[in-house]
Structures are given as structure tokens and as C-alpha cells.
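In what comes next, chain A is part of two complexes: it sits with chain B in the first one and with chain C in the second one.
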Partner chain A sequence: MEKNVKKGNAFTNNPIVKMIGTQKIVVLGVIILLAAFFSVLSPAFRQYSTVVSIFDYSYYVSLMAVGVTFALITGGVDLSIGTGTIAAGLVGGYVVGHYDLPVAVGMLVCIAFGLFLGIFNAVTVAILGLPPFIATLGSMMVARGLGSIMAGASSITWPQAGTPNGWFRSIFKINVGGKMIPIGFLIVIAVVIIMSIVLNKTRPGRYIIAIGSNKEATRLSGINVVKWHSLAYLISGFFTGLAAIAYAATFQAVVPGTGAGLELDAIAGAIIGGTSMTGGAGTVGGTLLGVFVMSLLKTGLPFIGLQANWQQIITGIVLLIAVFVDILKNAKK
Partner chain B sequence: MKRRVISALLCVVLVGSMLVGCGSKKEESTSDGGDSSASNGGEKIEIVSKGFQHQYWQAVKKGADQKAEELGVTINFVGPNSESDIADQVQMFQSAINQKPAALGLAALDTDALLDAISQAQAAGIPIIGFDSGVPGAPEGAILANASTDNYVAGELAAEEGYKAALGDRIKNADGPVRVGVMAQDATAESIINRGLGFIDKLKELVEADGKTISITGNEKYVGDSAIDDKKSEDGDVIVEVVVPSQVTNELSAVDCQTLLNKKDIICIYGSNQHSGEAMITGNANLDKFGEGDDKVIGIAFDSGENIKKAVKDKVFIGAVTQAPVAMGEALVDLCVKAARGESVSDVDTGCQWYTSDNMDSEEISQNLYD
Partner chain C sequence: MGEVILTMKGIDKSFPGVHALDHVDLEVRKGEVHALMGENGAGKSTLMKVLTGIYKKDEGTITYEGKDVEFTSPKEAQEAGVMIVHQELNMLSHLTVAQNIFIGREKMSGKLINDASMNKAAKELFAKLNIEIDPTEQMGNLTVGKQQMCEIAKAISHESKVLVFDEPTAALTESEIEELFKIIRDLREKQLGIVYISHRMDEIKMITDRVTVMRDGGYVGTLDTETSTKEDIINMMVGRVIYEEPKTKSNVPADAPVVLEVKNLNAGKMVKDVSFQLHKGEILGFSGLMGAGRTETARAIFGADPIDSGEIIIGGKTVHIKSPADAVANGIGYLSEDRKRFGIAVEKTVAENSTMASLNHFMKGIFIDKKKEAQVAEKYVEQLKTKTPSVEQLVVNLSGGNQQKVVIAKWLVRDCEILIFDEPTRGIDVGAKSEIYQLMNELVKMGKSIIMISSEMTEILRMSDRVIVMCEGRKTGEMAIEEVSQEAIMHCATKREG
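Up next, the complex of A and B:
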């Protein structure tokens, strides 16, 4: 992405703009505009509790999106993250509720399930060479069924806040004198910083970007393509597990059979944030901003009184615009 | 070479998925049919529910399994993955007909989508018994009987008890217009629609009896079908606002609830099933507006489940309506067997009850509450 900035005008040549990246600044502007727009139209939107809610509902999507960014950057995709998140949440919650284990065990089970899904995708995509869209479409269905079976096909309730095992809900939100503090945001920021460093400053991250830019050239330069390609899907799976914990901490119940469609929110977030559909470009920070555009739309549109179906239409149009911008950018190159 | 390997793999996956598909169906029938697989010459009954996600359906299935064992028949209890999967349910019902069962049980997600298949079953001479939502608008005589909660009456009960407990006083003592939110999971299933309309129509009756005016806004289906005359303006002393999410997800419904809770004139929200009730709890998490007292919002829920039970127990919700799912499952299988044996059958109202933190531990109520 930084490359496109080269030619640019005074704005794009500004060192600060260069450092952050044009697309991210544009997306940040969109976020501010959206927030201002909703605030003007709906007094109820300008409330602290609304901000907390936007954060609440963004954690699991953010985590899924950070993971899937790595799969997208290799030029692939991971469609299994949505149903995978629900399946991991079901299995983890089932273990806690059914065997009376500490909630920490359930959280580890979530991550283990996510990693399992990541390994599954790594085998089909990176080792067997199946097209990522098809391979992860398969694992998406597998996860949907598997989660239901393993949890006994009924909805699962994780321990409630206030119960001894309910402490995990305060990982993301603490109650200080009746005021809810969305500390999960700090976690998400920390995750984004760490994964940005992994992507841009470490060898594995560089290799993952290289695979997305030109897989054959990467292979010919002696890099173990299978290994690093697999890693991208493992990361995606790992974050699926983390997203499951965030989901369980936010919502009352994890319901089997759901989750299809959540992955699209995460992928849309990554694309809006500047990750290229064709691979080789993208940033974790941009993804987070993209997710916030989605979250703002989802939370904000009902506040201005738009009926449910209009919300989907508008969100769809925003996504189309983002992809179109991506295509324009590639054409310029 | 590589391409050949891939195509071979794809074939394996394809065939494998078919086998898994067939296999899983068999598994379903054995696991869902409970212990009744060894019945001697017992009739085979196919039951198509709305899904298994909510514990409510587990309780219905439990009742059905019990009755099937008692009567020595085999049942196959299936349902789509989620209550948005209308097309999946049509397919399931179609394959249920193809099994040529002695009788069919059906809780329709969307009656219109099932009409063709229902006519087929009718032509094949397979009796259909409706349960839960039933199958309203089906061809004359296709549905022999229903085992269901009278959902309209259940909705009325929620309005009546809620009004008596707190809502009535709040409306009578209000200085300006007040708003009552109705959260419905969808505008397609008969049970959900009637619970909403029962509540709305009863509320209208009660409000007008107290000399106040009422208007309605929100989802077109509910607005159009309700008995409230003022469907255009928001001018009533009481404004009913009906919200329906575009998809049945926790997040969308929770946001809907928050939007309602943030309106200045809101005094009450009614959620007409377990999904909506749980979304009300999630939506309230950051706002803490539900509860008792004049500065709080009255919460009225439907069905149970761990979260809703806790909310009622802690007086976050003033009360909820529960159905009798176990009795419903039993009545369903009973009706199916009777119909299969050519006996005459008629509708069974399986009943509903209002529960609050005071009476929820009584045996009469607690047998119908599930986790």
C-alpha cells in the first residue's frame, strides 16, 4: 500500500500521511464522519453507553478480522472463521458447563478448537493446494456441524457475570462504580500492534506478504512456501479461538447452527481497511479501522430509525465501494 | 499430475460429503428417536421442528421421546440449523414425506414456503399434525390438529399481567406520551406473530379502557395486522413500536433493544421469545435500564432458559410467559399416533403461564422452565 503513495500530491507526500498510509487516513475520516452523522441525527447515539456497545460488539469481529487478514494477504481467504468462532464458543462453553471445569479451561479449549480449524485449513490449502475459497467453504460447514454435535445441539450459556466463573467477562469490560469501562479495546489495540509487528517487521510476516505478491517467485527464492502459507491459516485459526472467547463474554448464549455470515463482517472489515483481495498488500491496523466502519454502521443505523433491511443494503454498498477503491488502486499500479 | 490429484481429491470430498450427509441423517434418527428404535411394528413418525438451538425445543423433544416410548412408536425429530433457514426446513419436510411415515409433525417456519409440500403429503394420504406455530393457512383439511400454545392468548397474558403488575400505573401516571417496545424475532412465523399481536391488541384494549389513546409504528406486518387504529402517526398517549431484525443474530437484536432503551419515552419492552429475551439482557448490559421502579424500564419476556430465568429471579424483568413444552411434545406424538391409526383428533391447547420471581419456584411453574 505504501508504494502507491509515491506519485501522489502534497497530501499523499506529507510524511505523516505516508507513515500512516493514505487508505487508513481515508477510513479514519469515514469513521469520524459516520460518528458525527449518527450523533447529529440521534441524540441517543451520543451516549457513553453507545460507545461501550460499539466496542462490545466489535471485539469478536476485530479478532476474527485480524486473523483473516493474514489469510487474505496470502491471496487466499478463510471462510471458516464465522462458524468456527461459534463452534469454538459452543465446545468451550460445553466443557465448562458440563464437566464443571474452571472457565480458563473452556477458554483454552476455544483456542485449541480454533487452532485445530487452522491446521485443517493449512493442510487443505497450503499442503494439498485446494483453492482457499472452496477449502474453507468446506471447513466452514464442517465447523458448523461439528460445533453443534460436540455441544449436544443445544445452545450454550457461558458463566454469568457475578458468578465465580464469570470473571472472564471482565476481560473485556469492567464495572467501575456502575460505569462500564470497555477495557477490551486496549486488548484489541495491543493485539493489533503485536500482529502489525509480526506482519511487517518479522521474517514470517514478510514471507506471508511475499506469498501473496508472487507465490512462484517466493518459492524460487528458496523460501519454504508451504510452511509460511500454513502459518497464515494457523494464525487465522488461532484468532478464531480468541474471537470465540470475546463472543462468549459479550453475548448471553452461543447458539448452534449460527455463525455463517459473521466471517463476511470480518472479511469486509479487512477489505475496507485496505487489504487487497488479490493478496500481497494489507495492514492489521487498517483492518481494525475497517471493522470499526462495519461496527459503526451496524450499531448506528438502527439509532437513526432505519428499518432492518435498509441496514444491510447500506452496509453492502459500503463494501462495494471499498472493493472498487481497491480495484482502482491496483489499476494505477 | 497435480491436477489429477486435485480432481481425484475433489471427487473423494464430493462422494465423502454425500456419504457423510446420508450417514448423519441416520445418526440423527437414532439419536433423536431416543430409545424407541426397537419398537415392534410401531408406526414411524417424522417430526420437523424449527430447530434445536433453543432449549425450548429440547424440552419439546423430551416430551415427544417420552410419549413415543410409552406408545411404542418410532419418531425422527429433525429441524434446520437456525430459525432463519426456511429453505432448509422445506427440504427437510420434503424428505420426511419421502420416507412415507405414518404421520408427520410440523412446526412451520414459514407457512407459504411449505404449502406445496403440504399438498403433496395430503395427496399421499399422510396425516399432518401441527405443533408450536402450527401451519396457519394450510389447505383445508391438510392439518388434522394442532398441539400448540394458543400464542395469541399467551401474548394477551403477557400484556394483561404486565399491565396489572406495573405497566398500567406507569401509563396512567405518565405526563406525556410513553413508548412500549415489542421485540419480535421475525414477521413470518405464526407463533411469533400471534404473541406480538396478542400483546399489542390486549394492550390497546387496556389502554383505551383507561381512557388513553394508542398508536403503533415499526415493522409493517405487525403495524398492519394489529387492532390499533392509529397506524400512521406517533401521536398516541401510548406509542407501540415493533422491531424485527433483518437476520436472527444476537448482535442485531441486542442493538435493536438498545435503540429502544435509549428512547426517552420508553417505559416497557416485551420480547416475544427466548431469542428476543436474551437479546434484551445483552442490550441492557451497558445501560442497566430494566428493573423495578419508576425510573426503570419494565421488561417482559417469553419462554425461559438460564439467562431469562435469572433475569426474572433478579427482578430485572418483572415477569415472563412460559409455555408447556414437555406437554406439547407429548400431545404432539399422541395426536400423530391417533391420526395414523385413523382415530379422530382435535386441537390441543397445551397452555401457558405467567411467572415472576415470586412463583417461579413453585412446582406448577418450574416443571415448564428449562435451562
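Up next, the complex of A and C:
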């Protein structure tokens, strides 16, 4: 290392720590601590079914979080992913149930709806130049209303496991001799690897980071910033569609009017995992770890007697802490 | 100097209401460093923007490598070999050095970016330029000087033949400037044509071969640097002789009371055991090289940064300054070196800026008394001769010198007795400079006391009644103006301690 470059301490200079990233190691430690904490306090937590429900909860949040990581890295945010996931799940399920179509069509509809939302956000943010927070707050409301209208304002039940159309539920969880195996985790890992490569090793990813780092400098380098800025929101929309499929596969029913607040779980996950609110920095792998922190909290808190309202309070506080740590990190630079 | 590589002839450009360029000529030869000089607003940047296709010219011809050209975008100019190294660096702080250099033209293996081969190419590039930078380091971790080297390397990697440097030394330390000049001389050897925009007269003499001077959007003339004097160039820039002699005698009476005394001040790494006294009606110059700790001292006194130890005595009483609000309450006003970031609200009007530090005197119940605000603002516009159509003008529309006057007005409205001027004329053109100097002289006549931090030797010699020199956070010299010489200051400014 050169002398004009700031030095880290022994921990951050360790080659393994360097390769994985300091923040990810710390988050991994937090996950282990949390799991130990819940296990000690609640014997009921130490069950196989708890692991399954932690994974169940993590699938759709992970997918949302992977998508929103791209929006966050541009220095923006996408608040429409929560209600968007529910809306896509409603519309997809409605199409399957009402027109008696194969479930695969419903899944495609989910993705199409997510992409539509992504295009909507790309137009308002990347093309019209609206502030991302307000623009996606708007599309969050639009998605909530649109989902309810298109699905006819009643709960939507996707085909159940065991029925001919219910095969899609075993994408994420298979029943082996009465025991549920959460294989969805493999899918999430695969997605994370692919999107990590997209972010770090391809031009679109490089330009999305560049936009978040310094948009004007990126533009002056002859790069089409509108195009790549738009792509970040399209990716976020696409993953909203995938999250809808995961949600439908995990839960019995999709209920209109819900979904507000899910985006915060995903965004908190991304930020805990080291994605910067100010853009330019973040990793997909870190996001996945961050989501696991959220997932552990969501699943674990009821075991120590803290119910839904407390979960919301804790989610809010965890989000604030994560953002504060992000600010401290930036201040150090 | 070799053959002519770039000729701009009769370049004319108008914006609504402004004739920005009036038939300007510029000729650059291979292997020459060509200074482009002029006051702020003379049209240097506009001319360079026309060259690189950011603006479209109305009239005139650009001949590059023997062919008439008209670039339509910086990218097109870049591809042809004409590139600007910007004053504000266009860096992507989150990406690595190599990723920055090759942004927009990444080396690929199939669909994936090949960072290893980019690192290797960057390393070879740096070796060619004798620059020592690790291509895998994050851009944001480098010093400003190193970042600029990366910009230059990027320009070279584009096979540039004409390079424009826009005030390249503004943010560099002395040693970085030396390194930069070495590289520029090296590029001259390699037969590049270099356009060098700078306000620093001593640099022009040091590094350039010819000087083209612009004034008010027009072409004034071109000189050989070697055979012309500073005065020749300044005369061409302003159209009048303004170069003034240094002060020879302090204007402060020997029995002037001490208004501010700082005893053994320590703050952070950059302020170590600093002590000094400021007298009523005195201009106390703070000289030193960049990074000597002068601004940090000022910020500590002003409460902008925490004080570790030491005593500040104002008017005979020890005061505890924990925030700028405390400092202002004790009658200290601070004019930041970075006006736009810390000194002024550019999107607000002259009147609003003038009263910003003393708004509680302009309240009618819970509302701001706009009438009184305007009256007071007008009074100071008149007194300071601020050039503005009205006090309702947004500050962003004023020139640098007039913005500085608005900041001064802000502290005068607040009745500050001690004013700290941090680089008062940085980025201000020569004409407005002498007005600011005049103003400072009037302020001390009114009984105000001024601490003036300046990196310009001529400014220190011309304005100060007494000079304090700092080096690496310590006070290394204090002298009355009668005994000051450039050599004495430089000697103290480089007096490093173990």
C-alpha cells in the first residue's frame, strides 16, 4: 500500500476480511449473536420449524432487497416494491383463478406487473428527473390501488400445494417424508451470485455504480446516464415481480391493501448489508446478509414475547441505526 | 515549439443578453505550454467549451491538425485528441483508479469486464508518466493531487494531442504542484499542445511559453512569456496599471489595545500551541504553505471545530467559544475560503444574506421585517459599492468579488469587531481584488480588526501590518511588516519540526 492511502487496522487489513468485506463479517457476527440470543431466551425457538419460517420470510424480502439495492446504489430509492409485490401477487393470482389459466401464466403476469412498475419509476425518476423518494412514494400508492382494482378488491388465493397447479409452491419448499426442506434458499443464492456478477463485472453494473458515485462525471465520460439510471429501476421492478411469486408460493392468500412497510424490511436489509443511502457503494451479497438480520428479528421476536407492534418499532429502530452507521462511514471518508 | 496544431480564429459566441466571445483568436503549437489568462468572466472557460463542443460557436473557424473541425460533444473532441483536465475533478470516488481511467471504454472479456487487464494497462500508463499510484486503490482514498494525476493519465490514455488544464493548481500543495509541473514539462517534451488556464502569475512565468490574454470576451494579444513582465500581462488583463507596492509601515498605533489574544491553542492535528495577539485596527496576515494549519486555527477560534486546550481572550475577558454562535456573539465574523460552501446562501437574495447572522434584529413579532431588512441591505450595498441591480437580486447572479462584499456586509450588520478573512480574494478577478483590498483598509480605519489568511505572498506583503507564519500546525514566525521579506516568510513557512 502506498503511504498516501489511509491505513486500516489489523482486522480490516486481514486478507480474508478484505476479500469478504468488513461490514459483511460484522453482519455475519450479528446474525450469529441474534440466533444465539433467541435460542438462549426461548427453547421454542430452537426448532427446525423456526428455521423453515426464517427462510420462508427471507425469500420474498431477499428478492425485493436485491432489486432495490440497484436503485439505492444509484443514490435513489424504490419505495414501491412493497405494495408492488402485493399488487403483482394479486393480479397474477386473479388471472390464474378467474380465467383458469396455468399457474405459469400467473407468474409471468407477476413479472410483467413488476416490470410495468419499474418502467413507471424509470420514467419519473430517470427521465423526468423527479426526486426518487417522492416519485416512488407516488408509485407505491398507485400500485396499492391498482392491485386492488385489478383483482376486484378481495383476497386472492393462489393454487394450493397438492393441486395440479400447485407445483409452483415447491419451487421454494419441498416436502420430503413430511419434513419441509427450504430449497428456495438455493434459488436465492443463485440469484445473488448472478446479480453480484451483473453489478461488479458488467458494464450496466459498473455504470449504475458510477451514476451513484458522481452522475455528472459519468455523463461527461460519454455514458448514457438516462439509460443506465432507468435500468436500475427496471431491475428493481423485475425483482418486485419475482418477489410476488415468492410471496404467493409462501403464503396462503394475498390480501389487497397490504404490503405497505414490506419495502422497509428490504431497504433496511440492503443498508444493514452495506449499501449506502448516498449511492455508489453496496454489494448484493451484503444485502442478503442484511435481509437475514431482518428475517431473524421478524421470526425471533414473537418467541420472546414481542408481538407485531413491537416488531414494527424494532424494525424502525434497526433501520435508523443502519442509516446512522452509513452516515458515520461516509463521514470518515 | 513545433508546428501549429490548433488554431481558433475569430471565434464569436453570444448568449441572450451577453456577448460572451468577441472574435477571439488562439494558436497552440506542438510542444508548447500556452497560458490563457484574463479576469474572471473574460471568457476563457467559454472559449474552451466552444473548443470541446459543449457550446456551439456562432462564428469563426477551428483548425486542428490542418483540418477545419467542429466538435459537437466533449466525447467527440476527446476521440479526436482534444481534452480538458477540469478544475473540479470528474472522479467517481467509489470506483478504483483503473476503473475511473477506463470508464466508458472498459476492457472486456466477452460480456464481462476484465478488471485485471485494466489494472495492468493503468500501471503501464503510470509508469510511462512516472506517476506512482496503485491502480486498484479506490479513487476516493487518494489525495486531490493524486486524483488530478489520474485525470491527466486518463487524458493521455485517450491519445490526446491537445490538453487543456483549467486552474490545475488551485487545490494542490506545493510539492504536488512541483510534481504536476514535472509532468506538464514531460508532456511538452512529447510534443503535446497544452493550454494552461491560471490566475497565478508566478506559475505563468514558471511553466508557460506564450500567453494569450483575454478581456471582457475579447482577444487582447499574445506574448512570449520569457520576454514579458508581470506588469505587461496584468496591464493587458485589466487595461490599467494596478500592481501596487508592498506596505512599508504598519498603520497601527503603538498603543492600540489588544482586542483578541490567543494563548497556547491546540485543536486537532493541525493546530499546535498557537499564541498571538490582534490589535485594534490591525490587519494581521497569516502566511504559510497549503496545509500549514491556518484555516484550522481560524476555524477553532470561530468555534467551527472543537478546541482541545488553550485560552481565547477577547477585550480582556477569557471567553469559551464552543460553536460559531458563541464566536458571533463575541463579535467574531468569519469569511470562509470556500465562499460557496460555507460563506453564502447563493440561492437567496442580497438582502436575505446580509441579515442572516443577525435576523433577531429584523423581526416584527414572529415575522421578518422585510422593509427594514431591505433598508439595511441597501445601506451596505452603497457603503461597500456592491454591484447589484437591487438587494432583491439572488447572490448566485453576482460576480465573485461582489459575493464577497455581501459576506462582509453580513458581518458588518452583525456589528462584528473582529473579522477573519480566509483567502479573501481567491477566485476573484484582479479588478475586484483591489476593491476588496480598499475595503479592508477602510474597515480597519473604522476600528475593526482583521485576521487575513492568505497564500498569496503579494497579498500578505501588501495588506498586513504584522505577519504570522505557520508551518505544520505551529507558529514558526512573527514579524512586523517593516522587517518582512519574501525570503524571511518562506524560511519560516518551511521550518519543519521533527
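Heads up, the rule we're going with is that the second predicted complex is superposed on the first by the 325 of 333 C-alpha atoms of A that agree within 3 Å, B and C clash if a C-alpha of one lies under 4 Å from a C-alpha of the other, contacts with A are read in each partner's own complex, and residues count from 1 in each chain.
The definition used in the following text is that a contact is a pair of C-beta atoms (placed from the backbone, for glycine too) under 8 Å apart; a residue touches a chain by one contact, two chains touch by 3 or more.
What you are looking at is a predicted structure, and each value in this text was computed from that prediction instead of being measured.
Once the complexes are laid over each other on chain A, chain B and chain C both fit without any clash. Touch criterion met: A:298 reaches chain B, while chain C stays clear of it. Centres of mass aside, this uses C-alpha centres: at chain A, the angle toward chain B and chain C in the superposed model is 130 degrees, to the nearest 10.
By the document's definition of touching, of the two partners only chain C reaches A:212; chain B does not. When both complexes are overlaid on chain A, the residue A:130 reaches chain B alone and has no touch with chain C. Between chain B and chain C, the partner in contact with more residues of chain A is B. Of the two partner chains, chain B is the only one touched by A:144; chain C is not.
Of the two partner chains placed by the overlay, only chain C lies in contact with A:221; chain B stays clear of it. Contact with chain B, but none with chain C, is seen for A:44 once the two complexes are overlaid on the shared chain.
Between chain B and chain C the least C-alpha distance in the superposed model amounts to 14 Å.
According to the touch criterion, chain A has no shared surface contacted by chain B in one complex and chain C in the other.
Those residues of chain B whose C-beta lies close enough to touch chain A in the complex are 2, 6, 9-10, 13, 17, 24, 51-55, 57-58, 80-82, 85, 219, 243-252, 254-256, 258-259, 262-264, 275, 278-279, 281-282, 285-288, 305-307, 310, 371. If you check the complex, the residues on chain C that touch chain A are 73-75, 78, 90-95, 99, 103-104, 106, 108, 111-113, 115, 132-134, 137, 140-143, 146.
In the complex of the two chains, the chain A residues touching chain C come out as 1-2, 4-6, 197, 201-203, 206, 209-210, 212-214, 216-218, 220-223, 280-281, 333. Residue ranges of chain A in contact with chain B, taken from their complex: 44-45, 47, 49-50, 52-53, 56-57, 128-130, 138, 144-145, 148, 153-155, 157, 160, 173, 178, 180, 250-253, 255-258, 261, 298-299, 302-303, 307-309, 311-312.
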